[in-house]
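Letters A, B and C name the chains as they come in the text, with residue numbers starting at 1 for each one.
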C-alpha cells in the first residue's frame, strides 16, 4: 500500500480572509508550545552570550571589567589554539561519522540475514551505545588503554606468552595516537546507533522489487548497488546528520581520555577550558558566537543543498 | 526468500562482531566483580576470585555515602523531561506533518539549528540565570534544560513518524467530524506508537547520560548519576573495580530500557515501512 | 490486531511511566530542603584523606555539635573547576571547599574568602602556632590575614627500594644530587625483571608533570619569570633542567610515561616495576600501609638538588570559607575539628596511623604513636616541608609565591598548556627545544599582563 508523504499540502486558496486566517492559526497552534519553549530556552541564552562577548570579563580579575568592543573576537580569531581545535573538531567528527556509518552498514547487513541467535547478537551489538558516555570514556581510558594494566596491553602480553615471548609490545596507546584513541572510543559508542538506523532502512526495503530483480538474475552485489543503496540513502543521511550533530558537541570523551592534551582539544573542550579554567568569559562567549554562526552556515548549506530528508519523496 | 536458520558464514561473522563489540562492556562487568589489585594486573586476570567489594564501595557500605539520591535524581530528570518532550513534540510534529504550517521546513531547520550552539558556551548565561533566580542545585531546573536539549530531535523524529500515518485514515476521521485531540488519540497514536516509543527511549537515554549541565548546575542535593560516577575516579590510588561497578549500576537502567525496546527502536526508525 | 495490542501496551507503558514520574517527582521536588539551619555544604577533592573524613564526620562531628555536613566529592580537575565557578560568582552553594595554597592568595585578593583571624584568636584549642610555618605563610594573603587552614600538607622527596639497592651494592647519599640520582637510575635499571630505574610523572596537567619538573627547574637555577616578569622558559638553565628530566624519563623511566601521573607511579612502585620514585611525601602513607606489597622495603631521601639546598615542593589541601557563606560560624567549627590534633588521633586510632592527614602540624611528628607507625618517612616528610620556602625556592628572586607553580590565576591554563608540550616531548613527538619555544610564547603572553603593574 503506497503512502504518499502527505506533508506538502499547502492551502489551496491563500486568501487571507477571516475563516482562512483562523484555519491558519489553528494549524500553528499545536506548534506554538514547543516553539515558544525552544525560543525562550535557547535563544535567550544566546543573546546573553552575544552581549557577554562584547565585554571584558575575566572572573579571576574582577578589577578589569568593561566594554571590549570587538577585542574578544579579534583575540579569538588570532588564537591559534582555537583554530587548531576547529581543525581537530572537523577531523574528529568526519572520521567518527564515516567510520561508524561504514561499520554500522556492515553490521546491519550482517544482521539482516537470518541466523541462529540473531536477536542475541543484536543485543550484544547495541550494548556500547547504552553505556553512559562518561562511563564508556573512563572504561576506554583506564580499563582498556592504560599501558600498565589495561586490557589491550594485557591481551598482548597474554598472546605473546602463548607463543613463549617474554617481551610483548606494550604501546602507550593514548600517547602514541591520541586522536585515534578518542576516535576509536567514539566509533565504538556510535556504531550501534548507525547500525540501528541502517537496519531499519534495510528492513523497510520493498521486498517485491528485490525479488523481481533476483528473479531477473541480478547478483547480490547488483541488488545492493542499484536497489539497496539508493533506498538507504536517506537513512545514511539521517545517521550522518544526527551523528555529526552529537559528535561535534562531544565533550566527555575528549575531557576524560586526553584532557584535551596531545592535540585532541576539540571546540567544546577549548571553550570549556576558556570558561572554566582560564575564566575568560568574554573570550569564551565570543568563541561560542563564532561557532554558532559558522555551524548555521554549514548546516544551511548541508541541509538545503545536499539532503533529501527535507524534501518529500514519493515512495513506490 | 525463505528464512532458513542455518549456520551460514555470515552468522559466524555476526557472532564474532557481536562479541568483539560487547567485549569492553563484558570486561567492565567482570572487572566490577574483582578486587582492586586483581583488576589492575597485566596480563589480565580473567579467573581472579569474584568479590562484591566494588559494589560495596558504590553502595557506600564503608563510606556511608548512599548512591540512591543521585540515581533518583537522574530518574526523575530523565523521565520528567521525556514526558515533557513528548507533550511538546507530538503536537508540534503534527503541525509539521499531518496538517503542516506553511513554512514547515524552515521551522524544522530552526529546531535543528538550536542544537548547533555549543552547549558549553550556553552554560554561563544559564548558570547566571540559575544563580540569580535561586535555581541552582535544583533538579526541576535540570529537567527543563534536558527537555529543551532533546526537543529538536524529538520533533524531528516524531515528524517523520507522523508523516507515515495513512492519509485515508485521517480523511476518514475528518469526515467523521473528529477534532484534533480525538484524531491524535485514536488515529495517530496507535500507528505512531513504535515511533513514540523510539523517541521516548532516545530522549531518556540522552537525558540520563548528560554530564555537563549536571556538573555545572548541581551541587549537594541535585547531583545526578553520571556526576556521582566521576566522583569515584581518584588520582591517588586504584579505582578500576569501583569505577566499573559504578559504571555498571549507572548504565543498568539505560541498558535495560534499550534491550527491552530494541525492537521498537528498529521498528520506529523505519521511515516509511511497507505495511 | 497487532495495532490494538500495541496501543494497549503503549498506554500501559505511558501509565507506568507517569506513575514512576510522580513518585520520583516528589523526591525531586523535596530536594531543595536538605539544607537545614544546622548544616553546611562542603566541596572536597576525592583524595583518600578526604574520603576518610567523609566516613568519620557523621559519627563524630555531627554527634558532638549537631551540625550536619553535606559533602560533595569530585576528582581534582573537576573539583577545581567547580570551586572556582562557585567562589568566583559567590553563588554560595558551598560554605567550605578544599582549596590549595595555590588558590588561596588570589582568591583572598579577589575577596572571595572569609578571613579566619577572629576565629583563630578566639579558638585557642586549635593552636594555630602548631601549624608548620611554611604552611602558615602560604595560606596568608598579602594583607596579612589568614584565609585557610591546612587539612594535610605535602612536599616532595625521593623514595627508593632499599632492598634492590642493597642487592646491587648501591647506597643512596644522604643529600643526593640529580646527577647522582640519574646515575643510580641507570645502574638499577633492570635490577629485577621488568624493573625500570625511576618513575617520574609525565601526565599533562599543571599539577601533574609540572609539579616535579618545576622543582627540578628551580634547583638547576631556572625560573618561570624574573622579578620583573620576564618569561625565562628558553633560558639555558630551564632548558638544561627540562632536557635532563625528559632524557632521564625516556632512558630509565617507567613505560607509558606521558600518561603517568601520581596513581600510575604509585602502582608501578608497588608492583615492583620501578626502583625509585620522586613524588609527593603523601605517597608514603599508601606505600607503607599494611596491605602494600612494598611496605618496609622503602628508603626515603630528600628531594635531589643541584644548586639549591633543598628542592621539595610545598602543597596543601586547605579549607577555605566562602565569603558569601551564611554559616561561617558552623564552617569554622567544622574546619577546626577536621584540622585539629583530636581528629588526627581519631584517624590514627580508628583507621590506622598511616592514614592520618599529616604534614601540617608539628605536634604530629612528636606523637609517639604516629612516629612509630610512620617511622621511615615521618622525619623526611617533616624536614621536606619545613625546608620548603615558597617565597624563595630558587637561586633568584621571584615575582610571586610558589615553588612548583607560579601563584597567578593564569597558571592553571598556562601551566597546563606548557605541560602538554612537555608531555609531547616525553612521548618523543617533539623536541625539548621546540616544546620550550612554544611554552615561552605562551608565558610571554601572560607576562605582559603583569609587567605593567
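Of note:
Assume a residue touches a chain if its C-beta (ideal position, glycine included) is under 8 Å from a C-beta of that chain, and two chains touch if they have at least 3 such contacts.
These figures come from a predicted structure and were not determined experimentally.
Using mean Cα coordinates as chain centres, the one most removed from chain B is C. The interface with the greater count of contacting C-beta pairs, when A-C is set against B-C, is B-C. The mean-CA centres of chain A and chain B are about 15 angstrom from one another, to the nearest whole unit. Mean C-alpha positions place chain B and chain C at a centre distance of 36 Å.
Within chain C, residues 85, 89, 267 each touch two or more of the remaining chains.
Listed for chain B are residues 40, 128, 230, 233, 239, each touching two or more other chains. Shared interface positions of chain A, defined as residues touching 2 or more other chains, are 148-149, 170. Across the interface of their complex, chain C is touched by residues 40, 62-65, 72-73, 75-77, 79-80, 82-83, 127-128, 131, 136-140, 143, 189-191, 193-194, 196-197, 200, 215-216, 219-223, 227, 230-239 of chain B. Interface of chain A with chain B (complex): residues 1, 3-11, 24, 27-31, 33-35, 37-38, 41-46, 48-49, 52, 107, 110-111, 113-118, 120-136, 138-140, 142-144, 148-151, 153-155, 157-158, 161, 170, 188, 191-192, 196-197, 199-201, 203-204, 206-207, 211, 234-235, 238, 242, 245, 249, 251-252, 267-268, 271-272, 275, 281, 284-285, 287-289, 291-292, 295-296, 299-300, 303, 310, 313, 315. Of all residues in chain B, only 1, 3-8, 10-11, 13-15, 17-19, 21-22, 24-25, 27-28, 31, 39-44, 87-89, 91-92, 94-102, 104-105, 107-126, 128-129, 144-145, 147-148, 151-153, 155, 163-164, 166-167, 170, 180, 205, 208-209, 211-212, 225-226, 229-230, 233, 239-240, 243-244, 246-247, 250-251, 254-255, 257-259, 262, 265-275 touch chain A in the complex they form. Chain A meets chain C in the complex at residues 59-62, 81, 146-149, 170, 172, 174-176, 259-262, 273, 276-279.
On the chain C side of its complex with chain A, the touching residues are 77, 81, 84-85, 88-89, 106, 110-111, 204-205, 255-259, 264, 267-268, 273, 409-410, 412-413, 416-417, 419-420, 423-424, 427, 429.
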